[in-house]
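We call the chains A, B, C and D, going by the order they appear; numbering starts again at 1 in every chain.
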């Protein structure tokens, strides 16, 4: 895929929005990759966490909003706890989810859930998933 | 009647801003002649009393140029200057002098352009503010 | 009143075209104190200088103002000229009417008006200038070098070879520092001990070098050129003159303790030689681990020592040395990666730090140079190297780049491949910094020919499974997570100032940064000196450095001192602070503002130490009573300049 | 000693044995969990946005009610509730403006929340207030030769500022196990994520994660693992039958709440009711070790 880098796109309004919601500066990142190294679910992601930061620095926010990655992230905070620059990467992931959720875009639709194990499911599981992933 | 031409006293540290002003000269960058320079070893040599004296003697603006943070030839002189200037600006207000008439800028020996631009902007600003009020005079706008 | 001469230069057309020099000559002739005024085409030329000199003699002038180009160009030219005819060089002022006037303004009328003000300020300042002489003090031509690593060794040898006495103080029982622990050195792969031991021997034998080992600097009094240094030496239980190095004492010692030289990978006795090539070559008793001799708990070594070199009654000693200049070369330590639980250092025996790996590579190391891992003595077939372990991590560890790790890690990988040709080294890196001479070539070759695999990413976690070390990392270039089952892991730990530096700098009153590295007088222009006059810096005490840079800096600091010693007295610029003792209230505010420690309270008066004062003026503007003044830039001078500008 | 207690939803549902065993164990230590009144769901996950106060409401409502009931602190067993309540409390008390706004949202409660409630996990109380020394005295049936791995997961140790112990190498649960006479096993995956709520949408993620954690525990010699998170317990316990289908060499491990083993060691009888809520049989191992 081609990224057209230009002055308008870098630090565009969507980047600012992500920074506002997360309270993080995406330009702090120097791409050591520690967030991805420690991520327990990175194998299921289409964009790794360090690439999320990198794309954000270019202003390529849409690509992240449409990615699997932000929904695979389970906020275990391993990335945030080890970032050498103190970036709370999990908060950035949450910001991307939030931008989608506020537009009504989510990946959990309560009416279409598989109910096979429904009785076994602990309440916290359902509430969690819906809070994080239902638009 | 002649338009108002402000008088400005410039204190420049020898190592950075004075050299920056020299560079503006060797690069032939033009700026207004209102500021006249007093050279000091370090911006931290400038006593708030000198600044007050300048205003009292009718200086419409006072400019101080020092080295960028971390570049001070004497390690921390510029930080001392910054603290003194911040405090003095608050006092100026109480004395009825617009604190904007006092300007501190970090200009390195390689920033001839910045020196000239600073002089242009500061002179223009002071020109718009009009003459400095007499100390003890009415409120300054 | 002072008779002043004013000389206005045309500088060809450079000044004359914009500034009306004839008008100024006429106008300023009547200005207060001006005895003589003239203008000339090129004042800096020989005829121009002669014109100034003749005018001084003819009119018996006390001082001169040269209105010309910037003082950076010709101030010294004219100072020399007037000194030739017996006028003090501080009776000269330059009015900068070229760079700061004729070249930057267009209106002839305005430029002339401004030039007039500039010349008047120069006259006003000159009117109150005093004749000054450089500040001088006697100079003791002896040097103290603190730290016996490669930096201290190099500096000591250069100065000693230059003919001056050196006092070298080392905290440990031998000189050699960390360099003597290294196997081979990048990028040439020559053996560290082969190039260092001859220098150590030279230090031991040099007639101009006095060596104190097991010693520390306890106090430094006085000032640049005239320090009195107090050195504390631990008790010397083994007399080096009697000791024959037979080794019977070590053989009889029942104590076993981890060996520092081998970074804890081997053992030593409580009476020991730190390593075979130690200088001074003698035994030392490690009192912390010795069973003790007050009362004598064991006494085996003394019984075993035939020449009777062991004396349990020896006491610590204190020495005093007169010193003119001091070089601080205290080196570095590794950042304690025990702090990093996710890397398992200290928990897993096969996770090592860089210095431990050096010992395994070294022919004098615990494995005799064979590549064997500590846990089970097997040959590691795959090794993971982790760079930036603790470095570049402002959030949790060190914010700085430790600078040498990129190169030594690659050297490790290469040397490993030499020893285990079918072995596979992996290097996790964030960025590669290979700016030294032939450094990048060294890396390129390793990647294309030696089979070193570089992986761009930071390692998150290391743990043991069976006899393997599992390393979780990331290749940020492919965006893929990496898992490597390695036999051994080497952490390139960050570099921090050596232990004990914090106390030392308090004793020496030197500035350090937030990590504890010494601050140089100027980061670009005075990198070999401390801000404190008389102190010089060499090696990693200033910041992480490789061997070539350390040696360069050490020789540079030595050269600085040799230049200093080429004079019989120490002197510097007299534009410094001065105190009116009658006005000083002794409040001491100035003391806190002085970055050089030049202001001191004596009998209730804040005096100035002329040698230490650099003349910045910070204390003067801080002085609430106006007791402090700067020579030739007094408050009165500044105010009269302000007045004339606004006049 | 009475301990004001916030249970949370799951301890009244799938994790009833967690609550029951905790109460019984604490009774042996002369302590009682006193359930606070009118509690509601904690919100289960902390919202990490800077600008979404609504998502903090559920947590804060509980804290407000606790304050109104005259409590100074609440003790939490569930790791998720602990983490969410603790972080919401921190978020809301950092900024008076936020606290005021949240109070306005909750006008129905009549009283306002001042921000005074302290939140503790039971593990912290056991270590600091009841103390391990006292527990050691009360151990009746030491869990001899039972090799147990302590699984912390994410929420007890991250973020660092709310961790109940060192966030990279905690030992608080291991130390408790040792006090109970068991053999605690340190295994590399004890701080890893179990896949959490991915179970709902991408169960393969949770299966893989749980498999790796259980394998790591097994390879390190664990015969069982303990947790204090009902979501971890669900993934690690319930999903084992799925893991078995995907990974042939997989060895099942029983998963306990730490309170179950604590109750057992303190002399409480193992309850068949607890076993019913387990998915992997817990009794065989306990029988093998002559603990029941």
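Simple rule for what comes next: contacts are C-beta pairs under 8 Å (C-beta built on N, C-alpha and C of every residue); 3 or more make two chains touch, one makes a residue touch a chain.
If you're wondering where the values come from, they're calculated on a predicted model, not measured in any experiment.
K.L.:
Along the shortest chain of touching chains, how many steps lie between chain B and chain D?
P.N.:
The distance in steps between these two chains is 2.
K.L.:
If you tally contacting C-beta pairs, which comes out ahead, C-D or A-C? Let me know.
P.N.:
Spelling it out, more C-beta pairs touch across A-C than across the other pair.
K.L.:
Quick check for you: compute each chain's CA centroid and the global CA centroid, then name the chain with the smallest gap between them.
P.N.:
Ranked by how close its C-alpha centre lies to the overall one, first comes C.
K.L.:
Determine the centre-to-centre distance between chain A and chain B, using the mean Cα coordinates as centres, and give it in whole Å.
P.N.:
Taking the average C-alpha coordinate of chain A and of chain B, the gap between them is 49 Å.
K.L.:
Could you put a whole-Å number on the gap between the CA centroids of chain C and chain D?
P.N.:
54
K.L.:
Using mean CA coordinates as chain centres, what's the chain A-chain D distance in Å?
P.N.:
Comparing mean C-alpha positions, chain D is 26 Å from chain A.
K.L.:
Considering chain A alone, which of its residues make contact with at least two other chains?
P.N.:
Answer for chain A, listing residues that touch two or more other chains: 43, 78.
K.L.:
Of all residues in chain C, which are in touch with two or more distinct other chains?
P.N.:
342, 461
K.L.:
Going by the touch rule set out above, which residues of chain D reach two or more other chains?
P.N.:
168
K.L.:
With touch defined as at the top, which chains are paired up in contact here?
P.N.:
So, checking each combination of chains, I get A-C, A-D, B-C, C-D as the touching pairs.
K.L.:
Please name which positions on chain C make contact with chain B in the complex.
P.N.:
70, 72, 96, 98-101, 103-107, 110-111, 113-114, 117-118, 121, 511, 519, 522, 531, 575, 593, 595, 614-618, 620-622, 630, 633, 635, 638-639, 641-643, 645-646
K.L.:
Per the contact definition, I'd like the list of chain C residues that touch chain A in the complex.
P.N.:
Its residues touching chain A are 342, 388, 392-397, 430, 456-461, 472-476, 479-482.
K.L.:
So in the complex, which bits of chain D are touching chain A?
P.N.:
Residues of chain D touching chain A: 8-10, 13-15, 41, 43-45, 47-52, 55, 78, 80, 154, 158-160, 167-168, 191-193, 195-202, 205, 208-209, 230-231, 234, 238.
K.L.:
Which residues, counting only chain A, touch chain D once they are in their complex?
P.N.:
20-23, 40-41, 43-44, 71-72, 74-78, 80-81, 88, 90-91, 94-95, 98, 107-108, 113, 117, 120-129, 131-133
K.L.:
In their complex, what parts of chain B are in touch with chain C?
P.N.:
7, 9, 19, 21-22, 24-26, 28-33, 36-38, 40-42, 44-50, 53-54, 57-59, 73-77, 80, 84, 116
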